[in-house]
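I'd like to ask you about the structure that follows.
Naming follows writing order (A, B, C and D), and every chain is counted from residue 1.
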Amino acid sequence: MNLEKSTKIQLKMRLNSIKNDKINEECGIFGGCSRAGNIAPYLKCALLKLQHRGQEAAGICCGDLKQTLYKDFGLVNSVFRNIKISDIKGSFGIGHVRYSTFGDSRKENIQPLKVTYMGEDVSLAHNGNVSEAKNIREKFERIGEVFLSSSDSEVILKRIIFSLKKKPSLWTYDEVAKCLCENFSLGSYCILLYLPNRIMAFRDPFGYRPLMFASCDEGDFAASEDVAFYGLKVNKMIEIMPSCGVEINSEGYEIKPAYTNKDISQCVFEQIYFASPASNIFSKSVYNTRYKLGEILAGCEDKDFCADVAIPVMDSGLACAIGYSSALNIPFHLGLIRNNWMERSFILPEQKKRTRNVLEKFIPVKSVIEGKKVVLIDDSLVRGTTSGEIIKILKECGASEVHMRSVSPKIINTCFWGVDIPTKEELISYNKTECEIAKIIGAKSVKFLPLDKLRDVFEGDIWCKKCFEENRK
Amino acid sequence: MNLEKSTKIQLKMRLNSIKNDKINEECGIFGGCSRAGNIAPYLKCALLKLQHRGQEAAGICCGDLKQTLYKDFGLVNSVFRNIKISDIKGSFGIGHVRYSTFGDSRKENIQPLKVTYMGEDVSLAHNGNVSEAKNIREKFERIGEVFLSSSDSEVILKRIIFSLKKKPSLWTYDEVAKCLCENFSLGSYCILLYLPNRIMAFRDPFGYRPLMFASCDEGDFAASEDVAFYGLKVNKMIEIMPSCGVEINSEGYEIKPAYTNKDISQCVFEQIYFASPASNIFSKSVYNTRYKLGEILAGCEDKDFCADVAIPVMDSGLACAIGYSSALNIPFHLGLIRNNWMERSFILPEQKKRTRNVLEKFIPVKSVIEGKKVVLIDDSLVRGTTSGEIIKILKECGASEVHMRSVSPKIINTCFWGVDIPTKEELISYNKTECEIAKIIGAKSVKFLPLDKLRDVFEGDIWCKKCFEENRK
Amino acid sequence: MNLEKSTKIQLKMRLNSIKNDKINEECGIFGGCSRAGNIAPYLKCALLKLQHRGQEAAGICCGDLKQTLYKDFGLVNSVFRNIKISDIKGSFGIGHVRYSTFGDSRKENIQPLKVTYMGEDVSLAHNGNVSEAKNIREKFERIGEVFLSSSDSEVILKRIIFSLKKKPSLWTYDEVAKCLCENFSLGSYCILLYLPNRIMAFRDPFGYRPLMFASCDEGDFAASEDVAFYGLKVNKMIEIMPSCGVEINSEGYEIKPAYTNKDISQCVFEQIYFASPASNIFSKSVYNTRYKLGEILAGCEDKDFCADVAIPVMDSGLACAIGYSSALNIPFHLGLIRNNWMERSFILPEQKKRTRNVLEKFIPVKSVIEGKKVVLIDDSLVRGTTSGEIIKILKECGASEVHMRSVSPKIINTCFWGVDIPTKEELISYNKTECEIAKIIGAKSVKFLPLDKLRDVFEGDIWCKKCFEENRK
Amino acid sequence: MNLEKSTKIQLKMRLNSIKNDKINEECGIFGGCSRAGNIAPYLKCALLKLQHRGQEAAGICCGDLKQTLYKDFGLVNSVFRNIKISDIKGSFGIGHVRYSTFGDSRKENIQPLKVTYMGEDVSLAHNGNVSEAKNIREKFERIGEVFLSSSDSEVILKRIIFSLKKKPSLWTYDEVAKCLCENFSLGSYCILLYLPNRIMAFRDPFGYRPLMFASCDEGDFAASEDVAFYGLKVNKMIEIMPSCGVEINSEGYEIKPAYTNKDISQCVFEQIYFASPASNIFSKSVYNTRYKLGEILAGCEDKDFCADVAIPVMDSGLACAIGYSSALNIPFHLGLIRNNWMERSFILPEQKKRTRNVLEKFIPVKSVIEGKKVVLIDDSLVRGTTSGEIIKILKECGASEVHMRSVSPKIINTCFWGVDIPTKEELISYNKTECEIAKIIGAKSVKFLPLDKLRDVFEGDIWCKKCFEENRK
């Protein structure tokens, strides 16, 4: 028997059950106007720092009046490998790193989307989900409109153009905002629009996705996360509030309302999983949130619960595990080494590629596992397949017991806002007790953060926790 | 002094005056339905045989219900170098080789253009010029439509979709024809349309560009020139008449009228320059036409005119020169060797690349030139810059005299139909006598075919010769 | 001022002083014979797990009698992106990941090196440094031998061939070992040799570099580290002892002596920095070693020393920091997030590329740094430039104090064995007190592990610690 | 039935019998020293003009003291597509276009071959065949030398280095010549050697292959054919005589004897087939030779022989056909259009690729063939398979009769000098009468130039005609 047969058959049996086992990332955007000199190097640097939000494709659109577009599949470094970034002209620009959500993996779906309308260039990049896009697309098709891509970006841009019907240089911020408000008020998305010598940025009315602004020595920029500004000389950092936006030109910037206000509903998973631990999202430090969630979860343990070692599932479980182990005084160890040379798992659009990398991604450190009672800390359990796989690995390394801990509550519902969560039936927590879940994934015990404890971190009514709740309001 | 300085400066002075010195090619199209098995290899083979009609880019769109598109800049061989052509599925398909006419050199302008409308794939490829495209584009933009490319293909396809507003599988040939007739009746173009499991082909009402159909053992196909069918087992070959078209599906084909009849006006340059000498265009052998033009021109020479050697300007002047030399009994020699390893000159979209290759393209054979009275035969003179350059080369090789002959009459007008001819002022024949032209290009004498003699070859009123005529009717 | 001017000038001033600030990696090798089926997928998987040992280039040579070579610059994943690994034939093979040591960055220097001698294929890959290679090369050149690459692999292979002068299939293990022993007995290297249907592996007499062997269900393999065997069904794992080797063919394997015994002298930096924390090198867990070094260093702190947070310099400082913080009960935090999307710093051969990535590589987590007394734990200080840079970043984030700790003693000497350490003068610890060093790098205090404490981890005389010692024995 | 089945099966039957049906090209070389400025653009221009001598691969090696090498598979234009030729530094350089002869198609076999010996760069390019290379290679291997490529270039360069055993800058022309004379005196080759700031060129003692020298305003250069100098300002052109060579440095050049004189024996196929018609080889115009061969062959026809049209097999048969048709007053027509977009047939190293292109390469012009008695003129018949194929095509186009004519005598022997001719048994003329040959290829009649008539063109004893002769002297 060879690799295809012996090892691989066993692996396949395991791997077949491991599918998309994370809530999917939500793309990253960055754009603005550089104070002096070209913006392209800033765009590339920022996208590198937002790369965790999407690794399938990347693109930038730069210029002043005329815009030039560079985009391709692959990581930022690979997309720009053969492009001399310092040669790309223009003070204005927007950039995008993409995790494939809606829209299939065709090159024309990579953002930004650029068009020429009435002789002027316009481009658009958005992250998040545009709930109404499908309906608007169909309505457009019925009146004879044709789409060249299957991306929502084209729907948004078409919708704006169809409403305004004039040269992009004549569009006002208020007109664009009005169009978005009338047509896309139910979305959970942020938009960057690059018009001749102007950038407009919009955060949706609920504020589901984060949008940050920074006025720096180097220029004025908007970004999905403040980590994108790291390395710049920031003079003023502003969180763009839900239903608001910012207009940037070479003279300066103006923060403005855009949509009719709605109840704020910020996605907790931006804090728990999507964002960089170095970011401050929705005015909170992501690292601290995760640490605190770990601490709170520790407080929920039975008095007599003890373990020899607390091991995080990298990378998002790391701060959680530090908080957890510190609270319980359980030794913290990096028992699973992440192989940096593999692509981030679960990020490729096709199912097959997702599963191929799982085993390669984590390499166990036998010396901290063997003979130990291990408590494994993750940010969340979605399908539970990865957890099951990792528990198997830990046991093979000689762990005497493995206890699974999730710092987020049970995910028992799909995302109303379109985050790519599996159906209820595929969710391991749906209609199952912690005991039942433990059995399925092979853990000695499983514990989730109780939903009411989540409020200790995410206070008030400004958070979307719908995926933890059984019945939608 | 180095190359940049010594040789290059001299060359530059010469070359600067050599610009687009040919009437530009008019793209090539091929499409249909293969009887059994995939069409992709047939598309590739056919495009290779139509490559002389355009070398800037190539593309094919293949499938059955669903369509897959492959297109890129470069020669056919280079575009498909890394694609396993036999793996491309589907019995239906259309293909295109592009010479850049309208529409700048962006990848999205390469044809075919494929879109998905109401859940179904449609693609389109056209050659020639669509006079009304610009107006229709502007009209569309005013009502809020946005175009993702700058190609006329998108305008045509949008216009059809906007008229029909229903699933492509429901479009009838007559409906599409009606839409074309109402909107693009002044064009000089041919269209291939690939709908789910159907191909439609249309030739414009004036029949400016050629369109051939062949029913073969291998399938039913339409093509710009019959040379594209070479190698197939052709059972029936039909010239699609002006204002007509053909619909092809897996059951067979039907030749049908499409537009309201207009006066036929076939472009003489298809015979003189664009088409392959192996083709039969507008029911005439291209090779024979060129040979006969050479013969007729020979008949116009003064009785006492004699020369030591007749040399063709390759490739289109070749048959002309054989006819000419044979009629006058002047020895025929290939005094200018074409360097096959250079790209065909004048074909790249940017001016600079056009001029770079001129000198490299022709290498003189000194032994047949030195000390000889040379008569140089070309198909036409546009700006005259290439002719001037070649005459210089011949003299440097020791030609005692060089006489220039053009088998087409003086080109003194731009093309009403959009063929990419320079402005009148750039045309060497505009407002100049043969004597004056000879002086400019450095020839001992220059002679063009008299316009009335052209009628000996192109009889009747079915030919467009507008570029030879001073006042447009 | 633009990016080139404003930000960049400041950065440049910082970055200019940051140069190669780590002891360089020492390449990784893997080879053997797969029991049934092709070896290529095993080679690729193993090289991915050894990628931390070298990221400049990768290659594999596979086959049975005939060998096929695939190699290129780039990470393993990138080198094999367009190669269908399961199509590569052959049960035998060797692979290499390269950090550029001697030998400049030309493609022919990438390993394995394959030649055809007397009609048979032979290939060789080695890691480490071959001290005598330069002399042997010169000696060879004097007798008229010419080298096509500048790699030591060619010198070793040439030397073997020159000694044996017969078909590779006739070479015995003992003959090859004798040749190595007579010519390369002073090196610090491991060799993989792929002869027709045979693999030979050798570890140098001092055992400077590690070499592991594993007999698995899937085949018999030798590797630089045991982490390379992870994922295989290992039946027997053997550390190839210094001066020994192993011969592998399709029948099985034989561990054999190769060189005359010398005093064992294993490189401590394999444990401290080079190897994966998941590996067991020289019979010790790398993770444990680093953890313990942290603990011991903690024990050396003044009684009254305290700090608010212990932060590791990723990745090699991580286990050290956990040990350190745990011993002193200082909160452990990941205050510097590693950007996985950047290439590992200091790894590219040119100085310029090395420095470009430094700032991008670590992103500080402000919320765990601001207002805190930080103790920063690294595995070692070489030039000290990175440390200085990181301290600057921490202070900019609001750290009230930064204390630097190195779990290895002061490096005050270059490597006798050719590890790419800067000259003495460039070493920050050379001739400097901890106080002086602290001032240079901007730390409140600096502490190194005392050399005599190192013996608590690396006991006995079997360790090379020459770079910590002033006078070479 | 689909393409694979219907057309392809028929084609396959035809094509299977068409194999390498030409004597193979013999590579092209160019090198020298540019007077001022970089040589790289001159090298590229020259190689483009020598491209007909080899299309498998191309390379240049440029510099002054240090040399840089650029080489790859593909046509010159494709190899240098992504290289900015004007950026390549250095006044000295050598270049090579390769037709694969000995040495398989591995990248390391592409020329020039560059090595660093005793710290100095040396490179070598040669064309033709080095009869003694195989023996010398084996001798070298027996003493323990190893070769990294399978090209003869490495053997020659090794042999020189082994003889001289000193720094290349110290090698004298006479020493190198002596080494070549002693070791490679039986070859049929030309060599370019690039030493630090010097170029040496050598033509073999028999003068089998041509070597030209030109002192130009732009520099001093050696080349396989004088066509390579076209476009330069040539002040002095010299044919390097058999057994001689030239040394070029920045001061000037010196023509010198190199080998012991032998009987001159110039390859007639350089005139008949290999060289460009624009070249003057062995002091004769290639075009004129071919024309004259056509005339002489015409003179051998029966008095009553007549035909309607004379058609050349492109490209080498062209001048022959003009000469032939002119002598007999048979109308000359280009009845087979060459498709310039296909790669030159018979040029790719693998048999399969050779045959694939045959049908695509020539497109018949029906209007000059149909109903005509055709006489088809080719330069030579080797296997006769192409001729058979073309005759079939002509008949399918309606030719009433096809008569085959070869302007070279029957090829009945393999090439003593290593030109890649098939074995005797594969030669169509071996042991067959013209009548028998006609039957095989489907011609009405076949006629070869009688061997004694060849002397009317190639006078004296200085020509190698061994392949036409039964018994070797």
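A few comments on the model shown:
Just so we're on the same page, a contact is a pair of C-beta atoms (placed from the backbone, for glycine too) under 8 Å apart; a residue touches a chain by one contact, two chains touch by 3 or more.
All figures in this text were calculated on a predicted structure; none of them were measured in a lab.
Common neighbours of chain C and chain D under the contact definition above are absent. The chain with its Cα centre farthest from the Cα centre of chain D is A. The distance from the centre of chain A to the centre of chain B, each centre being the mean of the chain's C-alpha atoms, comes to 51 Å.
Remark: chain A and chain D have CA centroids separated by 61 Å (rounded to whole angstrom).
Work out the mean CA point of chain A and of chain C, and you get 34 Å between them.
Annotation for chain D: no residues touch 2 or more other chains.
Chain pairs that touch one another are A-B, A-C, B-D, C-D. Of all residues in chain A, only 108, 115-118, 141-150, 154, 157-158, 161-165 touch chain B in the complex they form.
On chain B, the positions that touch chain D within their shared complex are 1-7, 34-38, 41-42, 45, 48-49, 51-52, 55, 75-77, 86, 217-218, 227, 230-233, 276-278, 280, 285, 287-288, 291, 318-319, 322, 326, 331-334, 337, 339-344, 359-360, 363-368.
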